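Right after this note come the structures.
In the two complexes below, subunit A is the common chain; its partner is subunit B in one and subunit C in the other.
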Partner chain A sequence: MAVRSNIAFIFKNLKLNLQKQAQYKTAFVMQIVMMILNNLTFIIQWIIVFSITKSIGGYGFREVILLWAISAGAYGVAHLFFEGAFHIDEVIYEGKLDVYLTQPKNVLISLCSSESRASAIGDILYVFIALLIIKATWWWFLAIIPVCLVGGILYTAIVVCFQNIAFYVKRGGAVANVVDSAITMFSNYPPVIFNFVAKLILFTVIPAGFIVFVPAQYLFLGFNIWWLLGTIGVTILITILAFLLFKLGLRRYNSGNLMGGRL
Partner chain B sequence: MNKYFGVFKTSFKQEKDTLFDTVMRAITFFIIMYIFLQLWGYIYGENGTSQVINGYSLPQMIWYLTIGELITFTAKHSQITRAISKEIISGSIAYKLNKPYNYYLYNITTFMAKSCFALIFMLPVAVLIGGVFVGFPSTFVVAQILPCIISILLSHLLNWCLFAIVGLLGFWCQDASPFDWIVSKFLMLLGMFFPIEFFPSWLQPAIRYSPIYSIMSGPASLVANFSWELFGQVILSQIVWIVILILIGLGLYNIGKRKVVSNGG
Partner chain C sequence: MKVIEVNNLSKEFITKKRITKPNGKKALFKKEKIIKKAVDDISFSVEEGEALAFIGPNGAGKSTTIKMLTGILYPTSGSIKVLGLNPSKERVKLSYQIGTVFGQKEQLWVHLSAYDNFKFFGSIYDIKKEELKKRIDNLAHIFEIESFMYQPVKSLSLGQRMKCEMVASLLHNPKMLFFDEPTIGLDPIAKETLRKLIKKINKELGTTILFTSHDVGDIEEVCKRVIIINNGKIVLDDSMRNLKYHHLNKKIVEVNLKKSVKLEEKEGITILKAKDTLYKIEVDMNKTSMEELMSLFNADDLQDITISSTPLEDIIKNIYRGKDE
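Our next item is the complex of A and B:
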């Protein structure tokens, strides 16, 4: 019941955030279109790379674009539904958390879903454009939806875990930004190019490997139920960890006595 | 000119507060370069490490990418676009119109100071990455250090001139960031990711005579494959583009600032 209520709350926030941004119609549409174009430019990058070499450890053009599609989808879901998670450090630093503390909803969910990035819609649309480009089979179009949702939640949870550093260190958000960049950068390249140490980090400290590599390798390009179940397990664990760390960090929070409200 | 030097000095001093962020950016820079090292190492490795692709050996390719990434990291273009757009949208630009400086040149100077501060930290990281992981290019000579640094600095100046113009587009549309994305992607795709020799021959002249070459490909190939002739070409193209873009920027600002009244100031 609580889960359903929170999901409804997230969607309500999303609706309000998008309505707010859609006031600037031109900017709103432009952000979406430009993000699609922005992502499409990387396809050209890979066309050039694959004009030099036929494959990278078994990964051809089709496989790499699949990685980019999953990565863009997870990124899009995270920034569309939970953009607030990427600014937790600013809210803490400026003492603006009071607004969320007084609301009758979970503070972290309320904070994370308080903002949405319009351009993330472009990322999500790009997922399907990318699949069309590589002439994906019909079930890839369906299967990628839960993959992106799970990936988006995991991505947000990892970022929240690191954003919590801001409760203890003045510029702690900078660490989270590095992790955020690392997740998006590592996820876009074939896993075969990384050595053992890099792979170990990608499946432990920064478990970005579960966002893109596992679904690509064990759902779309091959099948292994255990890896997929493992991904769901890791997502649940990291999400719980994010909530626990945030709750722990809240004890360190000092109000800025700032009068504020959310419109 | 003195006032801009004063602006530069003040902005440079202010950057000391961002030391932690700069160090974090250096770490991100290292991560990106690590990925590129792995990717290109794999591509060259599959085809034989001694192989030369389109005139570039593996060390040359890595040095090219390192300098391209260095410029991208130390000249974070979206900052200037966002700063100008924000001031235009909020109307706070009105407070700067009566100041005894040109708003366009003021922004370029401020962000140039930020770049110079970041370069102090990032340049050694870049040299370390290139030097430790792949060694110096076979064409490397000590005498190339100063010309390369001059070219990298001019590339930053040109970068700010270009993206300040993108920011000024905020006078006409509410948010200039979509234009920032597009221009920056052209820079990345046609400049940072690959040397000019990797593109089809019909496209190469278009890149060579564009600001993309002067900002990205020129200084990066200068470090990877230095020659005095190339240095002359790159510097000339950089100076020409700086003059052209400053003229366009000043013109655009003079036309655009008339629209500030409609914002209410």
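Our next item is the complex of A and C:
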């Protein structure tokens, strides 16, 4: 019941956020279109790369674009539904959590879903454009939806874990921003190009490897049920950790008296 | 029945300051911890249906106390029970039973209409659609917001926004309302309207109200009991009637006359300042009346007149002075 109520609440927040942004229709549409175009330019980059070499560690054009599609999808889901997660440090620093703390919904869910990035819709649409470009089989179009949802949740949870540093260190969110950039950067390239240490980090400290590499490798390009179950397990574990760390951090929240409203 | 019980409540904030070296320069990394007691060992209780004013100058600890009572801040020490619940541990349960309005922090989405905001609040508190519509209609009538509740919040005046904030905080039928400086920044007319509405909520809906302000005028009309807080400590916990009799009995009258006259002091009338045609006079309402003051000069000579209450800071000074004596 609580899960259903929270999911309904997330969608309610999303609806209001999009309603708010759609007031400026041209800007709203432009953001989406520009994001699709931005992502498409990377396809051109890979066409040039693969005109020079046939494959990178066994990954050809089709496989690399698949990685980019999953990465854009997870990024899109995270920034469309949970944009607030990427600004937790500002909210803590400016003492703006008060509104969420006086309401009966989960504070972290309220905060994360309080904002949406319109351009994230472009990222999500790009997923299907990319699959069309590589002439993916029909079941890829279906399977990529849960993959992007799980990836988006895991991506958000990792960022939240690091954003929590802001409860202890002023402007501690800078660390989360570095992690955020690292996830986006490393997810877009074939795992084979990374050395052992980099791979170890991507499957432990910053478990970004589970967002893109694992589903790409063990669902679309091959099949391994254990790796896939492992991804779900890691997502649940990191999400629980994010909630626990946030709850613990709340004890150190100092509030503030800055004037402000919900924009 | 007691709805709030606060015992030996304290809240400390730790800040860090860069150390000054013997040569007068500030150290680059070395910092010293400074502990500031925002709330210092306070105890009080509130009865059901009471309208209590919590007043004090800026930085006195009013907002910190209200934030601990609503579960926003964790206390450093002491205990709190609000409606029988511990706000730090049972925040979610408590939030269904209380409403909050922070004058400095809006909870409404400014790009949306007040009506859309109310629907959103309805979903936060899991209120069924039909029931929510009834409550919005009823509150919109009480607060007289029907004419502007479909406009985006950003286009409303501050007074209209505060009315909508209050409606949003009442949608879930809370047993208690916490108002943290709701009249801040409002013009006198909007302040007056809001004060009347708060009084109405307390009387007609029977909602317990805890009201903070640094404006004495705010509480004169609304509350029967007042707690004055300064430097984190309670300096007075008394009825509004006693506060009025002992500390709000003096009015400051500033008059500007057409020509200079010689005003004579009488019992209860003290001339604080006289410069050309401008006079600043203190009137002790327990000893004399405004009529008596007006008899000191010809009403036809009056160009301008301002009457104000004693500033809160002066009242606190008087309370301290009274305690010392």
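Assume the second predicted complex is superposed on the first by the 256 of 263 C-alpha atoms of A that agree within 3 Å, B and C clash if a C-alpha of one lies under 4 Å from a C-alpha of the other, contacts with A are read in each partner's own complex, and residues count from 1 in each chain.
The criterion applied here is as follows: contacts are C-beta pairs under 8 Å (C-beta built on N, C-alpha and C of every residue); 3 or more make two chains touch, one makes a residue touch a chain.
Just so we're clear, the structure is a prediction, and the values are computed from it rather than from any experiment.
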- Query: So, A:T239: does it touch subunit B (first), subunit C (second), both, or neither?
  - Reply: neither
- Message: Quick check on the superposed pair: does A:N38 touch subunit B, subunit C, both, or neither? Answer first, second, both or neither.
- Response: first
- In the superposed arrangement, which partner chain does A:R251 touch: subunit B (first), subunit C (second), both, or neither? second
- Message: Contacts for A:Y189 in the overlay, against subunit B (first) and subunit C (second): which applies, first, second, both or neither?
- Response: first
- Message: Contact-wise, after the overlay, does A:L101 reach subunit B, subunit C, both or neither (first, second, both, neither)?
- Response: second
- List of subunit B residues in touch with subunit A within their complex: 20-21, 24, 27-28, 31-32, 34-35, 38-39, 41-43, 46-47, 53-54, 173-175, 177-179, 181-182, 185-186, 188-189, 193-194, 198-199
- In the complex with subunit B, residue positions of subunit A that touch it: 24, 26-27, 30-31, 33-35, 37-38, 41-42, 44-45, 48-49, 52-53, 56-57, 171, 174-175, 177-178, 181-182, 185-186, 189, 192-195, 198
- Contacts from subunit C onto subunit A in the complex sit at residues 13, 63-64, 67, 70-74, 91-92, 95-96, 98, 100, 102, 104-112, 116, 120, 123-126, 153
- Query: Touching subunit C in the complex: which residues of subunit A?
  - Reply: 5, 8-9, 12, 16, 19-20, 23, 96-99, 101-105, 250-251, 253-255, 257-263
